[in-house]
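Two complexes come next, and they have one chain in common, chain A, joined by chain B in the first and chain C in the second.
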Partner chain A sequence: MGQYVFRRVLTAIPTLLFISLIIFLLLDLAPGDPSANLPLSIPQEVRVRIRESLGLDEPVHIRYLKWMNQFFIVEPTAALEKLTGLQIGDSENRLRIVSWTSRGVPVIDLILQRLPQTLWVVGLSYLLSVVIAVPLGVLGAYHHNGLFDQINSVISVIGFSLPTFFTGLLVILVFGVWLGWFPTIYNTTLVINSWETFAQQIRQLVLPVFVLTFFQMAAINRFTRSAALENLKQDYVRTARAKGLNEQVVVVRHVVRNSLIPVVTLVALGIPGIFGGAIITEQIFRVNGLGALLILAIQSNDVPVVQTTLFIFAVLVVLFNLIADVLYGVLDPRIRF
Partner chain B sequence: MTHQENRRTFYLFGLLVVLALVFTACAAPAAGPSTGAADAPAVAAPSSDLPAEPGRGTDGTLTLLYWQAVSIINPYQSTGTKDYHAGSLVLESLLEYDPAGNLIPTLAQEVPTVENGGVSEDLTTITYKLVPGVLWSDGTPLTADDFVFTWQYCVTPETGCTSGNFSAVASVEAVDAGTVKITFTTPQPYPYYAFIGYLSPVLQKAQFENCVGAAAATCADANSFPIGTGPYKVKDFRANDVVVYEVNPTYRFENQPHFAEVVMKGGGDAESAARAVLETGEADYAWNLQVPPDILNEMAAKGMGTVVAAFGGNVERILINFTNPDPTLGDARSEWSEADPNPHPFLTDPAVRQALSMAIDRTIIAEQLYGAGGKPTCNIVSGPELYVTTTNDGCLTQDIAGAQALLEGAGWVDSNGDNVREKDGVELRVLYQTSTNAVRQKTQALIQQWWGEIGVATELKNIDAGVFFGPTDNADSLAKFYSDVQMFTNGNDSPNPQAYLGGWRCLTENGVNIANSSNAWGGENIERWCNTDFDALWGELAATADQDARIDLVHQLNDMIVQDYVNLPLVFRASVSAHANTLQGVELGGFETEEWNIENWSRAR
Partner chain C sequence: MTTSAVTTLPTPVEPIFNTKPRGLWSTAFHRLFHRRSAIIGMIILGCLLFIAVFAPFLATHDPVQSQIGIVDVQKRAAPCIRLFGCPADQPEFFFGTDGNVRDLYSRVLYGARLSLMVGILSVGFAIVIGAFIGAVSAYAGGYIDNLLMGLMDILLAFPSLILAIAIVTVLGPGLINTLLAIGIVSIPVYARIMRSSVLSIKQQDYVLAGQSIGSSSRRILLQNILPNALTPLVVQGTLGIAVAILDAAALSFLGLGAQPPTPEWGSMIGQERNQVFTAPHLIIFPGIALILTVLGFNLLGDGLRDALDVRQRS
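Up next is the complex of A and B:
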């Protein structure tokens, strides 16, 4: 197992380098320019000056190597420094990866600033959808084609097929505009220091979390249901029943555990997506998490932010792929590497 | 299904219902189902708690919604209007513009003129006396050195300064701590650019001293939390998300500003920002509401807020290409030089240009597509008011029959029955390009139809804004102008239209002003229209200091462009905003940020 993990980590390195090159080149080749949003009255020489001050006049390979150096050496050193409080080298003049539109703000700081609200909204909804969808899926399979299964299926299909920009607007209209129960603007500066502010936090979470959970739940629900259905027909279930075990034990101990294997993979692979944020839902409710950071950076041609966040997502995807593979072995002792 | 299973189903159903309820009703009982502003996350104190007269910080929190979130609070490093707005609450300049476009003093004691001796007779220097006793928000005094520093900061090339306001400045000197003297490279009949308005505020030397040149890019703290002399200071800033301001304790006007805290929240889209002000009351102010007029009117009808428009100098116009953009010419397409002006096969005929203008119904475009955000216009200088002529207003009435007759008279007839007029084998077929934007595509469709009615076939093209307005090395950039006509908005961002009108010059002291290969398409004259009379008249404007004479010259220059149909002005555009009816004191002008007088804003009493 240890050897397997080691081998996988080794193969991940060239994969990631290749991804980083693709990300860099794609953004470099794409049209767009950080001075494009300036008013037309700004003279051309000022635009040239801005591009030069951002280092855009250097050749591509130099910029790529610089970025790689920043990402793998400069940024980890800065992070280490921050964590330990030690001073490593010339920290004052270290050239970190900084945003173009927010001159001087390190991209990592921007990401850290946005992580809390993304985890609150996207993370919480992911957690909720797993907690709700897995039991529903198993029960749906158990009562195969019964009333519960049918209703559950209908709800899942609705959740699956309604895009979040539609459900988002719908709940804003109903609960925000007509009923006025919940805020439609997410306040990222809210500090939770009392029951009252905690209640406020819950209130502002309700609409975005509902929208996301409704959507994510559907897939996990359907997946669990089909996995459980398959298992319920297996011989070992019949054997368990023949032994005289009661239904609860049969379902929970035997069926659920075995059905979870593919579900765990699905869930693990979905986790990097949490860090990617939920671009549309974040936009609708002004959550301004990681998804909103990425889309705004793309719109304003803030290349360092786009490159770095995309690359971090790539690292997370590779990492969670590995974790999912390892979890397979943990859940199913028959799988050996 | 057995009886037992049935019961279990119901039990599970109950569970599902409970879960759903927990979801939707979680914390609702805590605050109770109430509606409107009182329920919003950040609200002002109820009006009953307000003192009779607004004092400093008495009116609670003001929430401004900027769907384009603020990225940076230093305007000299910014590339977006929203950032200039964010900076204007903190940073101040010497003079600013009131909504009518008149200069009023802010950090200066008065507006220097030749009459009061502030501007030298030869128009090469201007001297400002600072208001005495102004303090930065950290308690240190504002001095003339700060102005000298700000100029040096911006003109150091590596700083990457995004302001062009210092371009004519030779030097800035501190005559004494309270006097700033600016010397220009050439006589400036209109000397009010450096340190005027929100684009050119003064920075604190002590804070930015180590941020000059290449170091500007590492000055996160100074760029995010600038120290200013304005009514507010930055308390919390999250780039591209939210800015929280608190009252500047050293602000020089007693009892101002009235709001204790200002929250500038970003993200989302224009439509939901409008809804938050006009329908849910969660915010007090929403900026730049590019929302279809019918939707905005419907929201405003709820009576919670008011839609307001700030008209500056922006005009949506169609530019005519005077050179031949025929793709078969290869690199020579749309290329102009003094030796070879490469004339357009039919757009150089004034009758054709005039007919194209006459066929357009500007009122329909303005009313249907722009609503509160636009008025039909026939002038390239449509604001400020004092520079606007009425001589061209005839174009406001669409005249299809007249346009047809005009083309007929000029020899453009449809002889082969394909509904497109031609003359000497040249067909009136135009390629009409603009940026990708719903309103622009609708405008294109309307105009395509009207031009069709007068026998001009129009092919439409739209280009991503980042490319169209982007670097000139792209073939689809507006400066390359590889089409017959193109449409976008431009205008004078200073109330003085001199520099803006200078963009139509053919030759300048620096060489060719027409965008072509010799200047890497950096020339301002994108139409490739060359008129030496215009150049001479503009030269006269640039040398005239008398205000009435200047107004007259601006009228003449505007008429030359418009009456030669170099541009077809369509819509005088405004920035549309909305504010809650509980907010007082909003006074919009197009040449300052909308928060220019935020120190006067208060809750309605």
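Up next is the complex of A and C:
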């Protein structure tokens, strides 16, 4: 087991280096130029100097190595310094990964600013969708082709087919405007310091979380249903029933436990998605999350922000792939490394 | 059967089955037409195809031509239909007009063409490339297999929308680039499916028989393996079109896909999304069209999966 994890971590390193190279080269090929949004009256030689100050005059491989150095050495040192309060080396003149448009704010700080909003909205809806969808899927499989199963399946297919940008606007229209129950825009600056503000936070969470949960539930629901269906047909279920165990024990202790093995993997693989932010939903409810940051950075050609966000995302994807594989082995005794 | 009296051959045994045994596709179609969801899906898609093909005849106005100055009408006018009591002194617009005083009804009709095109072309592109990669991977094995599948796993792990956004950023916004981005993003699914199909079929007796009589590997791949690997690709492809249409609409909604004045549903919703309070019809009609399209492909895909699932066949 330990050896397997160690081997997987070792293979993850070249994978990540490869991804970082791809991300870097892709963005390097992108036609956008950081000085494109500056006024046309700026003379050419000033533009050249701006590009030089951003380090754009150096060849590609040098810039890539510099970025890698920043990402893996400079940024972790800065983070360590902040955490421990110690001073490591020349912290004043450290070249951190800095956003081009936000005037010298390190990209990591921007990301940390946005993270809470994203975790509130996307994290909460992911949690909710797992908690709701798994029992629904199991019940659907248990009453295979019954009324509940059919209704559940229809709702899942619809949940699959609804674009979040349409449902988002629709719930804003119905519950925000016509009924006036919930705020239509997510207030990011809200500070929770009393029961009243907490209630306000919950109220503004309802609509975006509902839209996201409905969408994410569909996939987990269907996946759980098919996993449980497969298990219900197995011999060990018949054996359990033949032993005289009551239905509840058969379903909960035997079927659900075994059906959850693939579901856990699916859920673990979906977690990096939370950190990508729900780009569309964040746009609609004006949630100032990571997805919104990425879109804003793309629109303003802020290459360091795009690069770093995408790469952090890639790290999470690889990490959770690893976790999913290890979990699979832990949960399923048939799999031995 | 008539047998002449002179022949010494024994009379042929009557076949046990009176009906002709059905082939794979015939069985599949038979089963498909007995599934409610598949029928609903096919009806929706049939209507949609009809609308897409005959859009010029069904449309009442030019989808990109602003009606300003041509008829006396306000921008973002509410739907006005003669049949439902639209006063005779007002011009008739079935779904109302949008922010640029264009006829929304005609735009929604033409949108069917774009969405179908984007869905089918991007998935077609992904299937061709993905199936090729999967087949090569399974056939070559070893080092190449590991490399290709590792690459596919990385692509697969990213949420499709984020990856598509990244690709569109590089290629630049536009409909063709959206199509490409969504195509690239969906390659790994088909590569994985093709690889596992080929791996399981490769060991079947009829393939081994083909090899032993000296068929070329190109012939084996095209004649024996491809037809048998096709069913999962078709099922996944149908469901994939639904996802592709949704993603393309999402990109257009964000302003990265189809550019105005192209009548694309996602971009129509995106442009008018701040008017949802005053003119909800501008959101609702393209939204319903989009949902029906995606639902149609999802229902058909589900039906196809049940119909083509070999394990379920009685």
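By definition in this document, the second predicted complex is superposed on the first by the 326 of 337 C-alpha atoms of A that agree within 3 Å, B and C clash if a C-alpha of one lies under 4 Å from a C-alpha of the other, contacts with A are read in each partner's own complex, and residues count from 1 in each chain.
Methods note: contacts are C-beta pairs under 8 Å (C-beta built on N, C-alpha and C of every residue); 3 or more make two chains touch, one makes a residue touch a chain.
Keep in mind that what you see is a predicted model, and the values were worked out from it rather than measured.
In the overlay built on the shared chain, the residue A:I50 is in contact with chain B alone; chain C does not reach it. Comparing chain B with chain C, the partner in contact with more residues of chain A is B. In the superposed pair of complexes, A:G146 makes contact with chain B only, with no contact to chain C.
In the superposition on chain A, A:Q283 makes contact with both chain B and chain C. When both complexes are overlaid on chain A, the residue A:N187 reaches chain B alone and has no touch with chain C. In the superposition on chain A, A:F160 contacts chain C only, with no contact to chain B. In the superposition on chain A, contact of A:V177 is made with both chain B and chain C. By the touch criterion defined above, A:P272 reaches chain C but does not reach chain B.
Of the two partner chains placed by the overlay, neither chain B nor chain C lies in contact with A:G137. Contact with neither chain B nor chain C is seen for A:P304 once the two complexes are overlaid on the shared chain. 31-32, 172, 177, 283-284 are the residues of chain A that lie in the contact sets of both chain B and chain C, per the superposition on chain A. Contact residues on chain C toward chain A in their complex (touch as defined above): 37, 150, 153-154, 157-159, 161-162, 165-167, 169-170, 172, 242, 246, 249-250, 253-254, 266, 269-270, 273, 276-277, 280, 283-284, 287, 290-291, 294-295, 298-299, 302.
Listed in rising order, the residues of chain A touching chain C in the complex are 15, 19, 23, 26-27, 29-32, 157-158, 160-166, 169-170, 172-173, 177, 269, 272-273, 276, 279-280, 283-284, 294-295, 298, 306, 310, 313-314, 317-318, 321.
Across the interface of their complex, chain A is touched by residues 1, 5, 9, 12-13, 16, 19, 23-24, 26-28, 30-31, 33-36, 39-42, 65, 69, 71-72, 74, 77-81, 157-164, 167, 214, 216-224, 236, 238-242, 244, 263, 265-269, 272, 275-276, 279-280, 282-283, 464-467, 469-472, 474, 488, 490, 492-493, 499-500, 520, 522 of chain B.
Contact residues of chain A toward chain B in the complex are 31-47, 49-50, 52-54, 95-96, 98-99, 101-106, 109-110, 113-114, 132, 136, 139, 143, 146-148, 172, 175-177, 179-185, 187-190, 199-200, 202-204, 206, 210, 213, 282-288, 292-293, 296-297, 300-301.
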